[in-house]
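Just dropping this structure here.
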Amino acid sequence: MPPDDSPSAATATSGQRVRSSKLTRPDLLEMYRVMALSRTLDERVWLLNRQGKAAIVAAAQGHEAAQIACVFATDPSRDHYLIYYRELTTLLAVGLTPLDLLKGFLSKEGEPMSGGRQFPTHGACRNVDLFSFSNVVGTQLPQAAGVALADKMRGEPNVTVVYFGDGAASQGDCHEAMNFAGIHRLPIIFFCENNRYAISVPLSKQMAVENIAARAAGYGFPGVTLDGTDPIGVYEAVYAAAERARNGGGPTLIEVMVERLFPHTSDDDHTRYRSAEDLRQMRSRDPLPTFEAQLRKAGILDDATHDRIWSEAKRLVNEATEEAEAAPYPQVDQFTRHVFAES
Amino acid sequence: MAVMTVLEAVRQAMLEEMRRDSRVFVMGEDIGARGGVFLATDGFLQEFGEQRVIDTPLAESSIAGIAIGAAVNGMRPIAEIEFADFVWPAMNQIVGEASRIRYGTNGNKFAPLVVRMPYGGGVRGGLYHSQTIDVVFAHQPGLIVIAPCTPYDAKGLLKAAIRADDPVVFLEHKRTYRLVRGEVPEEEYILPIGKADIKRAGSDMTVVSYGLMVHYCLEAARKLSDEGVEAEVVDLRTLAPVDRETFLESVRRTSKAMVVYEDNRTYGIGAEIAATIAQDAFHDLDAPVVRLAGPDVPAMAFAPPFEAEFMLSPEKIAAAMRDLAAY
Amino acid sequence: MAVMTVLEAVRQAMLEEMRRDSRVFVMGEDIGARGGVFLATDGFLQEFGEQRVIDTPLAESSIAGIAIGAAVNGMRPIAEIEFADFVWPAMNQIVGEASRIRYGTNGNKFAPLVVRMPYGGGVRGGLYHSQTIDVVFAHQPGLIVIAPCTPYDAKGLLKAAIRADDPVVFLEHKRTYRLVRGEVPEEEYILPIGKADIKRAGSDMTVVSYGLMVHYCLEAARKLSDEGVEAEVVDLRTLAPVDRETFLESVRRTSKAMVVYEDNRTYGIGAEIAATIAQDAFHDLDAPVVRLAGPDVPAMAFAPPFEAEFMLSPEKIAAAMRDLAAY
Amino acid sequence: MPPDDSPSAATATSGQRVRSSKLTRPDLLEMYRVMALSRTLDERVWLLNRQGKAAIVAAAQGHEAAQIACVFATDPSRDHYLIYYRELTTLLAVGLTPLDLLKGFLSKEGEPMSGGRQFPTHGACRNVDLFSFSNVVGTQLPQAAGVALADKMRGEPNVTVVYFGDGAASQGDCHEAMNFAGIHRLPIIFFCENNRYAISVPLSKQMAVENIAARAAGYGFPGVTLDGTDPIGVYEAVYAAAERARNGGGPTLIEVMVERLFPHTSDDDHTRYRSAEDLRQMRSRDPLPTFEAQLRKAGILDDATHDRIWSEAKRLVNEATEEAEAAPYPQVDQFTRHVFAES
């Protein structure tokens, strides 16, 4: 881990970049802060589900480090994010607030992504080009290729990041998207959050190879497998891939090995299909304590900062919960709107 | 007689058929150790092993395609699509291929597969876990489409589907899974495919429906009965090939007809039923055929008020029945 | 006025829109050097180059999905599916996704793409080059579905589709491509989406149709006219959202209605039209609404006698008109 | 080329095999005979198309060597063939007669595969497990995985061969089928006839890599690329793959590089999209003269045998043409049959 306060500007060749190829100490602290906020919010929504208030929750716990790194290494002010459904950290990182998200979980009026029409975290943002249209796994991949194609046609050096899981990699759409992206050298990052399970189906029943990254060779672009609990490693790989994409170098498949610390969703019970040993190993790969230890060792995080970050997260989530719970449901007359363009 | 849920009836039908016939096997996402997301195959892995209880990759087109191939090669696959909303990637294999194998080979080959899928709304499923996907299957000659609504029908028809020599799409309404309980005989029985069932006799109007809506229609009919109006409720059970005789015969007696379906209204299942009644019972009708259905929005939205607005209810149906009775 | 074929009208509509708006581009199989298997994009590669005329891999789901993504990101893609029969792999992206983007994002995003596809029979296409695939699109709220039958309509409606801010499925009947010629204005024009067109006025009955069948209905109407029966022929043009007013108004005048469609009869487009007429013009009808359609076999078979038996013809339609007139 | 009259029985470990790992001299002559018959028939149906009698023709010319080798290396009495639409040689090799096939091209009564309902060569055979249900490219691949799965479940050591083109490899179904076959180590051969074009779309627009065989690594089984004009090389590779499949070794992807000597179908004009140079090179890779020269050099084929083979082919095709032309169309009442099981 090489924290550094002085970013080297050399590699930022194109357009406005938020960060440089090397993360600064404030960057690292900020990453930790968002991860803590995500964890706090995630725990809250799970609780709200258990209280019968949130109908469905897919926890991002275990994926936080990879998600924050991916957003930090790209530019939410211009890049495109076609996210998956387990992306709480990604959503906080691009700028959604706990209140925005809680309104989604409770489907309350003012929910910004779908007006309460969709499952939490689905829909599209207004200020950032981030979206997740559907729950149908895999559809986002060709769509992302199309988003990237449009940028390429207009000569705009933006990157499209498309998120998917190890399960999604089996869909025909994944193959078709990667094949097209390879042929047209599209500015796209295929960001696979491999947590070794698709609901209950383990990797060994999902594919006959060890890593999804192995497929990239069949599409003519690089693929790498990374430890998704290491945000700095992921940052560097995504940063490099994004630079290459902006400069006409084409797609990259980045596979991050993460753990799904919770059951698939609040409707699932993973003890039905995961062994005690598997669950124990999984817990040992929680990215939060690891990253915290790294930051402490590097002298970036001390007790006071740590406590401030977590108590601040708790306060934000508490306030947002209160406000979201108090908010009304959307007006029913909204539900016939936006079928077609309103002229 | 045992009392059980629709879900349990579905599970037992498969269990019995797998015990009876070694050619029968199940495949789909999470059907193994997990026992299926709704637990329709709970315990199957333990009893039948990994060879006959196949957890597939997340790839619906191949789930259907592999089932077709296995069926053509002598097996009796039961493929589960986790939610009907996710069957779209498999449409090519189901609607485009399975339906035409017998016809396109002049009877040299056939594909006796069953594709089961939970469908329907009222479960806070939002746009992509609430869809009623039926007309696209029912419109395709060569496919049998079944949509039962009681445990008795579910068990007897699923067993018939597994034994049928043709491809069957078997639609299970999610909301009925645990909500609807009913008696099921201890002894083995099979129900005939392609026969509608009069779930309630009545002389004042005929209400044709299927799936969860049958229960809502029955509830509405009970209310109307208190008001002196007796509605006959016909459950289609098989959507294709559809049993026209049963509902036409009923309409000829009652002279009034209503079709109730949960899906988007326009070009939905109810259009065919209404058109058939209007054509073939034209001179018997005392009033236009009423269609009650979901609104023409792209899908059922998530927030409780949206879902309630989309879904029909016993109250909404009773109101329409009242209007028709008064016509 | 220039006289041209439907195919040429389609080509010119795209050509003009691509010249007018740099966001418009075409993509699909063989549309580049080959100019499309029907030559609808003949010369486009030469004029617009590889960036705007994209020969895609053989993968329909991605053709639709990529078009969606490009549309959401500010472009105006026109995706060609080589034959409608091959659109099934793309159903998930078209019916499941494109239709719900505006709705599912509460209007934050929209997908202005056009998916064109040649469809229909009577061309010795056999099971997989003859299909009429329309009800599956038309049943999905959020999709616009257009099926023109003359060069004038094809050009004016395709230009409207390209400019529309919603996803459009544009169905071109293969048999009309070179068979049907007609006048097309030299100057630019756009036709309104969602408006049916009375292709022939008449007072004795209303015949509702679309696509190739409109021409057969017109031919039949001419025959009947010699026999003293005047049929009004309504061309739906847009299948969804469908223009009910035009055909209802006509039926109210003529008191008799017939719906003619090429596809399999049961659960087809005509069911909705017939049900609507039977419900909303109930008291105006002097006879049951007649439906004339293809038989319920899995698809149109290849051998000439099979194809002739499947397809409606002016003669078959005239015979049905005669019966209805005599009713 | 090692022609050999004495087959080594050692490798034929399982069940009844028609041939051994090494082709005998009679085998080679028989292969040449079928290729000549295929070529003669192909030329005839093209002519019938030009005369307005055959509605549609997809010529197999250029693919003959690969097709004959694949059937010879497997066992039509028990293996399964899910063929593509450009398989005239395959069909003759498994035992269909020129008359069967001509009845298909003219859609006459007695056509054995679909009763005249389908395009020529589509439908299913009665005596051999060979079928081609649809024209929708790619659908055969998961279906083939299912066929192989059924054999595996019953413990029957048969091989499933599924045929597809370079274009078909782009379909999502291809990915899904290979992925599943790899996971379950199915007894299947993915036989890709790569002729560098999908109608008009060249390989460079179909994929970003050189060979489709490169994809096999991503599915955990071997993939090879062979010269498809060399029937002996193809035979040996398919034979080995079939043996491995029968013995539980799982799938193999065999890609044969062939030439499509004619336009895509009788509706196409390849001069619209192929350069004169490309067409010239293509013609130089016609497998028939090459194989003929090989056989002559090895002393297997002499002028007399050559002339006998070709004149016999011509006679067969002539007679079959006459009979097929004279045959009536199918009875129209047949067309509502076989929608559902007839009880």
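Order as written gives the chain letters A, B, C and D; numbering starts at 1 within each chain.
As a convention for this text, a contact is a pair of C-beta atoms (placed from the backbone, for glycine too) under 8 Å apart; a residue touches a chain by one contact, two chains touch by 3 or more.
Keep in mind that what you see is a predicted model, and the values were worked out from it rather than measured.
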Relative to chain C, chain with the most remote C-alpha centre: A
Contact-richer chain pair [A-B vs A-C]: A-C
Inter-chain centre distance, chain A versus chain B - centres from mean C-alpha coordinates, in Å: 37
Distance between chain centroids, defined by C-alpha means - chain A, chain D (Å): 46
Separation of mean Cα positions, chain C and chain A [Å, integer]: 41
Rounded Å distance between chain B and chain C, as computed from the means of their C-alpha atoms: 30
Where chain A touches two or more other chains, by residue: 114, 117-118, 122, 134, 136, 170-173, 176, 179, 183, 205-207, 334, 339
Sequence positions of chain C contacting 2 or more other chains: 56-57, 59, 61-62, 85, 88-89, 92, 96, 100, 103-104, 127, 141-142, 241, 296-298, 301
Contact set on chain A toward chain B in their complex: 55-56, 107-108, 114, 116-119, 122, 134-138, 167-168, 170-173, 198-201, 205-207, 267-268, 272-273, 329-332, 334-336, 339
Residues of chain A touching chain C in the complex: 80, 82, 113-115, 117-118, 122-126, 129, 131, 133-134, 136, 139, 141-151, 153-154, 172-173, 176-177, 179-180, 183, 334, 337-342
Of all residues in chain D, those that touch chain A in their complex: 170-176, 179, 182-183, 185, 204-209, 214-215, 217-221
Contacting residues of chain B [partner chain C, same complex]: 61, 85, 88-89, 91-92, 95-96, 99-100, 103-104, 127, 135-136, 138-142, 240-242, 264, 266-272, 274-275, 277-280, 282, 285, 287-291, 296-299, 301
In the complex, chain C residues that touch chain D: 29-30, 32-35, 37, 55-59, 61-62, 85-86, 88-89, 124, 126-129, 295-298, 301-306, 308-310
